[in-house]
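Okay, so subunit A shows up in both of these, paired with subunit B first and subunit C after.
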Partner chain A sequence: MAAKSIISRPVYGTLSPQPGKHHLFIADAEGALAISDMAARAPAGFFEGAEIVYIPDPGGKHVAALEALKPAQFHQAPSFASLLPRLKQTLSNAHMGLRLYLAGTEGLIGQAMQVALEAGIDHTSMQTEHRGSLARRMQCVHCKGITENVTTQPAICAHCGLLLLVRDHYSRRLAAFQGVCINAEDRSEMPPIEEAFP
Partner chain B sequence: MSTGTTKLDVVVSDVVPVNELVTRFHFRRRDGELLPTFSGGAHVVVEMRDGDRTRLNPYSLMGSPLDTREYTISVRRDDVGRGGSLFMHRSVKAGLEMVISYPVNLFSLDLRAKKHLMLAGGIGITPFMAQTAQLAGEGGNFELHYTCRTASLGTYADLLRERYDRRIRLYHDDLDERIELDRLLSTQPLGTHLYVCGPAGMINWVRDRAASLGWPPEAVHFEHFAAPQPGLPFDVTLAVSGKTIRVGEQQSLLEAIEAAGVDPPYLCRGGVCGQCETNVISYDGKFIHNDHWLSEEDHRSGWKIMPCVSRFEGKSLVLER
Partner chain C sequence: MGITFRKETFRDDFTFRNSPEHIRRFPFPFHEDAYMYAVNIEPHVIGPKGSVLENLIDVDEHYVAEMQDRALVLAEDPLRCQSLPHMTLAGWDLLELLMEQQALGYPEHFTLERDGDRWRWINRPLGIDDTFTFGDTSTLPYGPMEYITRQSQGDFCILDQRDGNLWMDAGMVTTQADWSLDFDIGMNFFEWHAPVPLAHEKGIFVRALKFLTNIQQGKPARRLNWTMTVNPRLDTSPENYHKWGPDRTTVTPENVGDKVHLRVELQSFWRLPRSNGIVFPIRCYLIKMDELVTQPKWARRLHRVIRDLPEELATYKGLTRYRPTLVEWLSKLDDGSATSSGFGPD
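So, the complex of A and B:
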């Protein structure tokens, strides 16, 4: 569970079954466990109106557990990028009454939320639950490049190579934490790089 | 001075009967300047000086927000109400100088919406007059479903049809026409926001069905047209100002506090905005909570009351005012 800090730092909850007939779940890796846990509290027949889109770890752990919930649709994808066209299509055809549940890593939750925001769902209307890695999606504020799966503090921008302080300052629009050059005054100053977001 | 209740000195520039129950009032500034900008859904509080009694009633602005030369409100005559609407209908004529508050919006459009779905009942049409004008000016996507008792009491129905054509759907109670609410709510594109204004029963029905059908509360907006309910007179001690007051049968607790020369904050005077929330120091009796602001827990606790709409029955009530 991520620690609370500044106000823009996302805070995640625990998935809970919402009223309605259509439920869209997007999860990666250990996010599957959040869905399984919620299923134990869901009313009978809940998953008959549910679609689960899942990005498993290599090895396909938890896939069988999700299939066992017997959702109306179950779709596996190798990466977020590969499920994006399908997600956009689903949301553009959806009606009010569709409820969205996002579970797993912050990168997955943030990117799915970004697409859902564009489709007109308020971020406070989405159910979220963080599970698994604390790795961050980071935007370099200098070159604007996005670096995925940042686990260290500071971190090197994969685009321009600057050494960046990974801030808690988060952008929902970009689905990324902000990375700011940590040694702008003296580039020879090299603070130790430590594992901060395992 | 109460929050958001900065006053405007206006003159009634026109009084127009709309149908057998509704009359429209136009206000302009006495100094000839433009009125403050407002957004669709905003209301003003009109001060009615009726002999030694002052009433402060909120009314939605129904003109186009794009035109601030004048403000317009429409008042439905309520023959069994507390007298504010009767005063407006009987005593307010063109040329009368009045005082109104700055506009306040507690029922604003969420302009992030992909579509605006509006449900009006009766005189609840007034905020939508301004909102549709605002959206039409911006090319916004909206549709309005308007329920009225009869065609002749369908205030502004003809005007709305003329302006917006098929974006307006009318339902007449006397012809037994009813909104197919579940179908309507189930077929709206993702990103639609719902707005409802009308009688309490209609608002409760729409909110309840929307929640059941999976509409998140963030996308459901409503405005109650709730005047304070009359009730038995009761006595109140105001601990801070050291006064004991009596709340009359036709008076709200807030009005009684104001009549005693105490000036608590207020905005909506309808139990929704939270401004006049007042702490209870002690009580012996029963609260009659009529607001939509406090939580059920607050209502049970006996620690708080919304004096604009709620009342009390019992031996004693001491408020932190």
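So, the complex of A and C:
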């Protein structure tokens, strides 16, 4: 779990079954375990009104466990980018009262939340649970490029190549942490790059 | 009489200067010999003639040059001006406020004529004479917020009020002290202030939000904030930090007086009548050390404030590299004698 930090840094909870008839789960990798754990506490018939969309790790681990929950719909996607068109349509057609559950890596939770926010769903109404990697999505404040799966501090921008301090300051709109040049004042200063978000 | 607008730059050759009258009117932000955060908000009412509070929206000798610098920033990076879709009405509110205030305070430079929704705006310093329909965006060359803030000194944030919070949902931000509108847009009051050290623990933001959400129409409020900038650079954005950051390594005992600037923000807060939003102008005033120390009281006081500033604040304000050089230089102007209370020069 993430250590205590500044206020803009997202805080995740534990999935819990919400009242309602329509439930949409979006998860990746070990996020499947959060859904399985919640299923153990869910009332009978809960998944009859549920759709699960899942991005497994290569190898397809946890797919069978999710299918065994017998959701009304189960969709497996190879990446978040490939899931995006379907997700946008699902959310734009959603009825009032749809319950949203996001589980897995911060990148997955953040990007799914971003799409849901654009569809007009309030972020406080979404259930979230962080599982798995602490890798961050980072926006370079200088060139605006997004670097996925950042695990080091500092980190190199995949677009402009500047060495960036990965801040805890987070934008839900961008689904990204902010990266700011760490040696802007004196480029000859080269702090060591260390594994920080495994 | 009117203002004589200076021809000057805030980049490259940095020809920005304050005239002697503008030095005297500088909004020096320290009323005592020390500084710590406080909820220093007060009613934004007209102040003494010859001060920056002579009008509620201040226009000064840097107006034309600042607007030219803003146009350069926007040409390089249009993301410095953004407005979420639900904020257009608030943009019209702001246009009305700034046109009214500038025409009221400086009739020799600005004129607003209204015939129902048909408005004519004359801005003589910038050579603008436009007639448009209030509320109809297609009759202006930009959206209403961008149109008027390309003609008004200072940054502008428009805050939407909902769920008991304020949301940074629109802004024109080209003269900022190191924060990014593009990153922070859409955040609530606590989120966009998240990186500020110490103040959360002191409950500053909880109290400030309570105050701001209760601001009433026609009763604006204000506060001062400050930092320091090497070279008179308006655009000290995080976007360009890798370009201006190296300036901080260039301060020497010989050039402190010319290079180091006190940067004061006069922030004001206004309720907008149609949208119920709040506009938050952040007006930036710069003064170089050579100019500031022409007022002996300010020189003594600034020495004591910078010398005794808590380390976290010095780091947050980016002073770390040149603070020792600056304090040493200012110490020679501090004979240890008492300073009178209050902001003004003696």
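In the analysis below, the second predicted complex is superposed on the first by the 198 of 198 C-alpha atoms of A that agree within 3 Å, B and C clash if a C-alpha of one lies under 4 Å from a C-alpha of the other, contacts with A are read in each partner's own complex, and residues count from 1 in each chain.
In the analysis below, a contact is a pair of C-beta atoms (placed from the backbone, for glycine too) under 8 Å apart; a residue touches a chain by one contact, two chains touch by 3 or more.
None of the values given here were measured: they were computed from a predicted structure.
Legend: residue contacts after superposition of the two complexes on their common chain; A:A184 is shown touching subunit C, with no touch to subunit B. Residue contacts after overlaying the shared chain place A:A64 against neither subunit B nor subunit C.
By the touch criterion defined above, A:A81 lies against neither subunit B nor subunit C after alignment on the C-alpha atoms of chain A.
Using the contact criterion defined above for the overlaid structures, shared-chain residue A:A44 touches neither subunit B nor subunit C, since it reaches no partner.
Contact with subunit C, but none with subunit B, is seen for A:H142 once the two complexes are overlaid on the shared chain. Partner subunit A is touched in their complex by these residues of subunit B: 112-114, 185-192, 194, 211-219. Residues of subunit A touching subunit B in their complex: 18-22, 91-92, 94-99, 119-122, 124-125.
Residues 79, 180, 182-187, 190-195, 200, 238-242, 245-246, 248-249, 321 of subunit C are the ones touching subunit A in the complex. Looking at the complex, you find that subunit A touches subunit C at residues 6-9, 139, 141-142, 144, 162, 167-169, 171-174, 178, 180-181, 184-187.
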